[in-house]
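Quick one: the structure is below, and I'll ask about it shortly.
Order as written gives the chain letters A, B, C and D; numbering starts at 1 within each chain.
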Amino acid sequence: GSSSSDDSKDKGVGIAYDVGGRGDHSFNDSAAKGLDKAKAEFNLGSKELTAKNTDTEADREQKLNDLAGAGYNPVIGVGFAYADSVKAVSKKFPKTTFAIVDSVVEGANIDSINFTEEQSSYLAGVAAALKTKTNKVGFIGGVDTTLIKKFAAGYQQGVKDTKPDVSVDIEYITQGGDFSGFAKPAEGKAKAKGMLDRGIDVIYAAAGSSGSGAIEAVAGKKGTWAIGVDGDQYQDKGLAQWKTAILTSAVKNVDGSVYDVIKSVKDGKPLTGTHVYNLKAGGVGLATSGGYIDDIQAQLDAAKKKITDGTLTVRTTPTS
Amino acid sequence: MKKFDKDRLILGLAAPVLAIVAAFVLTALVLLATGKEPFHAFNVMFDKGLTSDSQVFILNKATPYYLAGIAVAIGFRMNLFNIGVDGQYRLAAFFAAVVGGAVNLPSVIQIPLIILTAMLVGAMWAGIAGVLKVTRGVSEVITTIMLNAIATAVIGYFMIPGRLAQLHADTNSVSTKEIPSSGHFFGFDMGTDGTIWGFIVIAVLVGVLYWFGLSRTRFGFDLRTVGRSESAAGASGVNVKRMIITSMLLSGAIAGLVGMPVLLNDAHQFSTEFPAGIGFTGIAVALLGRNHPIGIALAALLWGWLEIASSKLEFEDYDKEIVGVMQGIIVLCVVIAYEVVRRYGIKRQQQKVGEELAAQARTKQEAAA
Amino acid sequence: MSATATPGKTAKSPAAKIRAKLTFSRVLLIIAGALILISAVRAITGANDMTSSGQISGALTMAVPIGLAGLGGLWSERAGVVNIGLEGMMMLGMFFGAWAGWQTNPWLAVLAGILGGALGGLIHAVVTVTFGVDHIVSGVAINILALGTTQYLAKIWFSMGKAAAAGGSPKQSPPMDDIKSFTVPGLSDWMHTLEGHHWFLISDIAGIIGGLVTDLSSLTLLAAALFVATFFVLWRTAFGLRLRSCGENPIAAESLGVNVYKYKYLAVIASGGLAGLGGAFLAIVPSHIYNEGQTGGRGYIGLAAMIFGNWRPGGLAMGAGLFGYSDSLQLRNGGETVHALLLALAVGLAALAAWRLYQKKYLPAVVGGAVAALLVVWYSLTDTVPDQLVGATPYIVTLLVLALASQRLRMPAADGQPYRKGQGK
Amino acid sequence: MLRGTVHALVGENGAGKSTLMKILYGMQRPDEGTITLDGEKADLHTPADAIRLGIGMVHQHFMLADNLTVLENIVLGAEQLHGIGGKARAKIKELSDAYGLGVRPDLLVEDLGVADRQRVEILKVLYRGARTLILDEPTAVLVPQEVEALFANLRELKSEGLTIIFISHKLGEVLSVADAITVIRRGTTVGDADPKSVTVKQLAELMVGSELPSPETRESTVTSEVLLDVKGLKLAAVDAEGIERTVLGDVSLTIHKGEVLGIAGVEGNGQAELVEAIMGMRTPDAGVITLDGADISTAPTRKRREDGIGYIPEDRHRHGLLLEGTLWENRILGHVTEKPNSRGALLDLTAARRDTERIVKEYDVRTPGIEVTAASLSGGNQQKLIVGREMSHLPKLLIAAHPTRGVDVGAQAQIWDQIRQARREGLAVLLISADLDELIGLSDTLRVMYRGHLVADADPATITPEELGSAMTGAASGHLEHTDAEGEDR
């Protein structure tokens, strides 16, 4: 049986990724990056587990249970799917620090890590509005989840606030419960091509690996731009062929947040409660690799200032 | 004549045992070929995969697999391939969750209401395939595959805050309204090992009914007749078309139950995280269990064990994907072994019958002489 | 083999032999009719994407893997072996294609993809032909095995070492180079100009031709060639005759000295190779990578397309085209175009209903008419079709088409039946 | 066996004739023994080997692919000779004309009648230049006139120096066409016979080791009570191409209690469909079926069975048995709602098993027990089980389609006895058979079916198979009178 004892020696970091896991070129990868940094710095051990599509609540609890039970601390659940299981398991291991990304979970030993994706997306929208020549921009979401809608909403608002006459098309690759939309590059490409054919010349894709298809399509048409997501996709080796089409990326520093929580446990002052990694705190932002947005940096800074000083609140659901 | 029975039993057991042994050998070879140590891996699977908390996990996993296996097996018994159990149970669980979340009645009404809704929805979705097959001659294999995809779309359409779902701002998840506690199913508390879902009782009941219905009732006889020979069934007086629709409805109704253990014992709501793909597991489980209620149970447990074993393997730094390879090899080996054993059995019986008849004839002749 | 035992048919008089066959000219007529209908609907609704070159080109890209999978199904089923393992064989093709592709070049990816799929075909042949296991059972098992194997190997081969450095992960391979694609220089631009005018019929035809001559991948050309070659090989050569005889009456074939096992093996291996090529196409042309789950049920859709096409290459091409079209449609503009198509569908159904009425088949006529009326009502009350439904368009179309057409279809007589050498009476 | 002769092979059902020929044709491998052809030891592994050695075989059951053309069926496997195109077509025309076979290469085989198919089979063999022809029961489905035409073809072939091995159960035919006869029993040769000196009776005794039973009915038991009345039954079928054709055109018939109504007809003229319509397995377009005064036109098959129709199907493997089911399961088949098989909605397995034991004993089903699968029984024993099952429910009407097909003479006699016995007790029988002797011998009334119509009737007491045969080909209709002028019968 599992022992609920917390006294086994500290073995390092336990991390449970969402479907996709390390190497998804997206936010799981970003979490992995934070883990790697902390491991190198503090010379820690670690154990990484990854969810499957067919996983149930029981599987997720089992994973966290195994990690905590084996003495890993902190135990990090990457992705909102782990919300309930973190809540359940954290009670069994009061001395272990748990972290949950993209969700808010109450608990004395839980660090809830949240990002204001809508804020970075807003900046992406500003950049798009300033760069479009056809006054048509597009957004491709992998799946129409609440989280992805946050990206869409910020982007839409950023565009409209900058240039009200620019139209924003928001489309998703799959709907509802079908999460395959995050892993369909061919479909992402077809969707992007459809947008390009309609005269859209800036496309922001928040679609996991489907986004690479969209970026490729954009790279195939002169004078159009793609905006990446999560990590700095200009630096992504898998996208090196098309990186000159990547205007910027709306970065979400999951790595930083993961690093923070590991460090806090290492320092003996574990983080708990809700932590919002926002624009102000550098939790989200725009990547500047490639230098394609250097010319509009002033406008971007102005927008950023409005958000960080609180004069502008970005919506989290798109208006239709 | 008991002799033939015993032979059958031995032959029946020979196949899966043979297949599982072959699967382990092949898996070991794969592991070796990819530079991993197989014996430690098996050790982990058996040691860590069979601890008491793992046992609870396995039982809970196996419950929906079992129901899915039975749903598929009803079709198989009729020579119908209900590949659509997946769509049927998801759609059923969704609408059952909606209904369960919308009302708050005493448990004795609330729970049956939810279960019946699920069975009804599952049956209707499967029924479409049945009707299309009977009236338009469309292969159920194709229709059920299409219906799986369409079920996803239907759920997607309604799983939008404001339609039949709501948003949890905290956790960023979308789900149906939570089912009130009167709609929660009982469980067996195993202390630190967890809770065994009470729905396992229903699953066992379904298994018993499946066995009894098929082997002891007129209806079951008719159903098996159609599965063995449609033409003979027609000539014997079975309305084959009606039987196809009936069994599709039944299969769908049982499929409707697949999502219930998770819904009533665990999640209490249908969210985007609701497990998908159990219908396909059901196909493997039914094939493995040879459509026999006990066989399916063993297969479901085997599958549950492989799943827990996969996470234990991952913990020991093996690639948990090896379990997928293993599952594939097991199914492939099992279907081959069954067929080989079946043919061998028939041939052997024919030979034996021939020998016995010859012996009888000889003794008769001798007696006459 | 009682099926061959007695001819259960009444001898027909020669006069009864005028067949309502789908001749080439008839097919052309139907295509022309559909084109005019679509053009008209496009002109009325202004849903210009219906026949835009982008839409057509996208449809082609989506259709090719489906068509290749279907072609695989055709080879196999013409030899009497049902192949529901196409999906798994596509996975293998995609995986091995990408594996070879990122390390070498796309043409070796093509080869590796074909070989990978053929390996799946070989397994299916061993299980169904040699061991005599039910074809669907074997196919399902192969799909499970292919999924497990590709996931495991991807984890080992793509997420470590050099592959990881080149952008690989457990779910993805590192990208490979582009394969050559063609654009017919003058024609493409001219068509594009014509298309821009949105003239009735002319712009539609220009859009279609434009879509077919712009940015055409060499693999698409290869796929087209394979369709022609399949027709030629299966219907115009001795080899093809023998292969088809194994699907129609293997015992008769055996009695004439045809090695049925050999042909079944060859057909099923070829089937796997074609499906593998379809999978490799996915990895090479639209995405440059192996991506877990990217086959997305195309193997099954290919099978449906083949049934829709009545087990013939021409029909299959139309079926695959239809699925590719609706796939591309839902990916491009979604709602509005599908919305416009509702009108086209309504008109088509109404015409069909009228034809049924003329034939004095009242029930189908009434049902068809009623559905058409409903569609018109739906069309006029809404502006767009919900995204979720648009996503399901290819599947709904498949169901509708099969429900309408299935009774005119004729599969090979011994398709899916077990065959043992020497079992004939 | 000598070149340029017709050598007949006779023997009981299951004696091993077909098996021997399959070995000769390379389709099965012998355990031991040798085959010598033209002085050389022949090693036959596959039909391809046999074909190469000039052996051709027309199988007992047609070996044709319905959905391929005649040409494709013929050239299949022999494409290296003349290709699959124009040259092959010309060659087929040439052969067809030379032997007067009248084969048209571009028709689909499914559009051909039985006799045409038979000719395609022969042409297939000739096309390969076979010098040794094996014909396994080629006449089973032919009417006498067609048999004559076939024999004319055979004599022609013989005169060209071909060797023909001819298998038939119709001993008269054998004597008329064969130059030499070999009799086999239980897989071994029991003797040779000279067709010039041996009689049918002697030959039969040689075959079975006992006297040949006759299906003759002794006394009439026909009553005046109508049991089955079929009026105006019509059925049209639409084939794959959407062409509508008549399968049953206005069929009416009446069977009284204690009467056996025999229907003669070449297979495929609607007999099977008539039976299926009466059984409720097919829905006719028009017509009324009355059983013992009750209209059962729309009743489902099960109801009709419960009301007292027993059914011995033409194809026992397709319609009569669950091959992989045990004997007792097969005993339940078709009577699952009746005693002793079930009580209410539940099966009564004990009673069903017990009754199966009884049937096995009473009907002399040779089996070691009732737990074995039906597939492991020989054809005759399977048929006895079916007969026993149907008779156990005391039917009012028995529909017997080819009840003795593929059954050896011993079992044949037994089945005939049972039918006669039940008929005496008031059973009405609808008998369909291709065996004209059986038909004439058992029936009280005879009708002839041709192209979906009952075109003629005859008195079984006087009619000869030849006369019946002419009506079966459509050459005669109305009431058939026996004329002594026809000359002596074989």
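Brief remarks on what is shown
Keep this in mind: a residue touches a chain if its C-beta (ideal position, glycine included) is under 8 Å from a C-beta of that chain, and two chains touch if they have at least 3 such contacts.
None of the values given here were measured: they were computed from a predicted structure.
Among the remaining chains, the Cα-based centre furthest from that of subunit D is the centre of A.
Between subunit C and subunit D the centroid-to-centroid distance comes to 44 Å (mean Cα coordinates, whole Å). Mean C-alpha position of subunit A lies 37 Å from that of subunit C.
Mean C-alpha positions place subunit B and subunit C at a centre distance of 30 Å. In terms of their C-alpha centroids, the spacing between subunit A and subunit D amounts to 75 Å. Each of the following residues of subunit C touches two or more other chains: 170, 388, 391.
Looking at subunit D, one finds that residues 318 touch two or more other chains. Counting partner chains per residue, subunit B has residues 152-153, 156-157 touching two or more of them. Across the whole structure, chains are in contact as follows: A-B, A-C, B-C, B-D, C-D. The part of subunit C that touches subunit A in the complex is made up of residues 49, 52, 54-55, 57-58, 61-62, 159, 164-172, 174-175, 282, 286-289, 291-294, 296, 327-328, 331-334, 387-388, 391. On subunit A, the positions that touch subunit B within their shared complex are 1-2, 4, 47, 49-50, 53-59, 62-63, 66, 70, 80-81, 83-84, 102-105, 144-147, 174-179.
Interface residues of subunit D, counted against subunit C in their complex, comprise 18, 22, 25, 27-28, 46-48, 50-51, 57, 59-68, 72-73, 75-80, 83-84, 107, 110-114, 116-117, 124, 141, 240-243, 245-247, 267-270, 272, 314-315, 317-318, 451-452. By the touch rule above, subunit A contacts subunit C in their complex via residues 20-25, 29, 50, 144, 171-176, 178, 180, 183-187, 189-191, 193-194, 196-198, 209, 212-213, 216, 236-241. Those residues of subunit D whose C-beta lies close enough to touch subunit B in the complex are 279, 281, 300-306, 311, 313, 318-325, 329, 332-337, 342, 345-347, 349, 366-373, 375-377.
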